[in-house]
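Structures follow.
Each of the next two complexes has chain A plus one more chain, namely chain B in the first and chain C in the second.
Up next, the complex of A and B:
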């Protein structure tokens, strides 16, 4: 997690994914930070920010999971390259919804690629798999609860 | 002035630049065939996108303004350089009439402007402009291969006579 996104973008993403009134608290897990999302006493899920290198530049994204460890949504927070920004489109991102860390996420199979954005598709898919695996592992170990 | 009056090392340069440009241009046509199958509908989809729910395989989204500007300026400038080089080569051909020389030299520049205007109209006005883009690009390619053939034929003749 090398590049920090603007906090306002993270807050907007959490609001979009979990709905208005979602409150976040940061939980440190080693060198990483996980956002615990709740509304009152009700746990809504967790989110973490990741970075992957696209063609040349880092792509900063957020992965959110629900309390049953299923992927709730992915958001592209900062896209820096001139090409491939289509990975931020809902039509592509929605393919990840409902997936768990044990599900297969292969480009060209479960995840469709995007014409003209092949490198970004592969990079973001790999990044999402990593962050989803991290969040699931931390949940199972009790590092986040 | 014709290729015969040009120093031999410059003729060698002319031949090899033409050969490499032939390989490069053919590769670019193969790329377009790979992405659009060289049919107007495929070209229009590549620029205007297609409903992801109604298609299988790779998703295709409309090209952004930034992508359109990048494609236009990189192609226009680089292709202008290619046709300056082939135009110079044709201008030095002895076996081509003055009238044909002027046509073959000017046509690519006109076709470039028509092609890229058609590309913008296809993206933002109507998909039907893909036919104009296809026709103009076809003429551009034909002119390029004719230019290259004439240059290589003229250079071959000059070298043959010199030997």
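Up next, the complex of A and C:
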């Protein structure tokens, strides 16, 4: 038995990041799924959901890019630990905006650490880098367009 | 059209990757130390200080189990001293709501920084601060039930509140304060339920975490000579801590005060010398001088006999000032090579010393 992120949360995240009226279609890339986001004929970007293990529970997050492959925003969809979860705050997540796969994303340099939440910070940063790299690679190979 | 788009969205979203619902996580942490006290006839020692296996299981979205099984000093052998096999944590979490998780089992009182966050890559210095041994008795764990979660009032607020078994006054001492009073989940007396908790705030953008903690409870363990009633011979502990990170700089500080109001009767009954008031703190600054290399300095000041009751001799050797200078090299965020030099001074001038330590630590 498996559980994805609640569909309502993904929908809300897409709406928040791309604005109301964004239409989403799923594109399969190998075993992965990318959400293509458009409004009418105009492409707004792409989004993908990833999971990374925090201390022991997975953290489910969404990475969205714009048509020029820059990171539009990150959302923490499900944080399962009973406390902590500071990685979900906008003030921390906004550091990722505008980054591209070639930008350096190092904790303690480009990405601020959160005192006492080292594991989540490293896990989410690594996860975002990975998903951003995947999306960029698929864009360049034409797997998503 | 709008409905079609929404429908499409739902279909698309159901196709995103999923997380296994029931899952087991294995992890661990450990540290190996080299300790060389300065002076003649004080040979160095090497020790596999801690080897800890972390085992957790998620049953479903609401229920999870977490545990840490620890082996100290590499080996435990019948009839010979040293070494310890112990459970450091073992509890079941039940999430009732986003803000409320009920936690039941062997839990860590959420006091100070090190007790809850004690993995070697998470602190500077080969050994934990001595303050986190003599004043806050880490690794402190007791059995009980409580609630933990995020306070929904505003971003960044977390809390924990537990009802646990009490400490035992017959274990208190002048040198180590309340440390010997811990019961650690082994056939623990529940004659004196105690309350412990913590409120903390994290700056949403990162870089700052501030916390306040307390412990309150009786300590008779059923010994009526010390008093009757759940809160007889109480100890009260208050603590505050701060962690600040900015670029290459990391600062942390902890203060704590413990009052043992019936220290006079405890000492008379058990022939001990516990202080009526115990307390102190430390301040630590670290700076990343090279990539992955941190230099740090920590200054601790504490006294396990700030006040003693009439009739108890006060040993000024328990008023300690400890300065530690060191380096940490972290090739990855969860592995560390450490080296430091510690200078211990006391108000009496007794029991002083200087020690060189080297160590490695990991967590995964």
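Rule of thumb we're sticking to: the second predicted complex is superposed on the first by the 141 of 145 C-alpha atoms of A that agree within 3 Å, B and C clash if a C-alpha of one lies under 4 Å from a C-alpha of the other, contacts with A are read in each partner's own complex, and residues count from 1 in each chain.
Keep this in mind: a residue touches a chain if its C-beta (ideal position, glycine included) is under 8 Å from a C-beta of that chain, and two chains touch if they have at least 3 such contacts.
This structure is a prediction, so every number in the text was calculated from the model and none was measured.
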Figure out whether A:33 sits in contact with chain B (first) or chain C (second), or with both, or with neither. second
Quick check for you: in the superposed arrangement, does A:23 touch first (chain B), second (chain C), both or neither? second
Going by the contact rule set out at the top, does A:112 touch chain B (first), chain C (second), both, or neither? both
Partner chain(s) touched by A:7 [first = chain B, second = chain C, both, neither]: second
So in the superposed three-chain picture, is A:60 touching just chain B, just chain C, both, or none of them (first/second/both/neither)? second
Superposition-derived comparison: chain B or chain C, residues of chain A touched: C
Have a look at where A:85 lands relative to chain B and chain C in the superposition and call it first, second, both or neither. both
Intersection of chain A residues contacting chain B with those contacting chain C? 82-83, 85-86, 89, 91-92, 112-116
For the complex, give me every residue of chain A touching chain B. 82-83, 85-86, 89, 91-92, 112-116
Sort out for me which residues of chain C touch chain A in the complex. 2, 5-6, 8-23, 25, 27, 54, 56, 58, 61, 64, 66, 93, 95, 101, 103, 113, 117, 122, 148-150, 155-156, 158-160, 202-209, 243-245, 247-248, 250, 288, 333-334
Along chain A, where are the residues that touch chain C in the complex? 1-5, 7, 10-11, 14, 21, 23-26, 28, 32-33, 35, 48-51, 53, 55-58, 60, 80, 82-86, 89-92, 107-108, 112-118, 121-122
Complex contact set, residues of chain B against chain A: 35, 46, 52-53, 57-61, 63-64, 66-67, 70
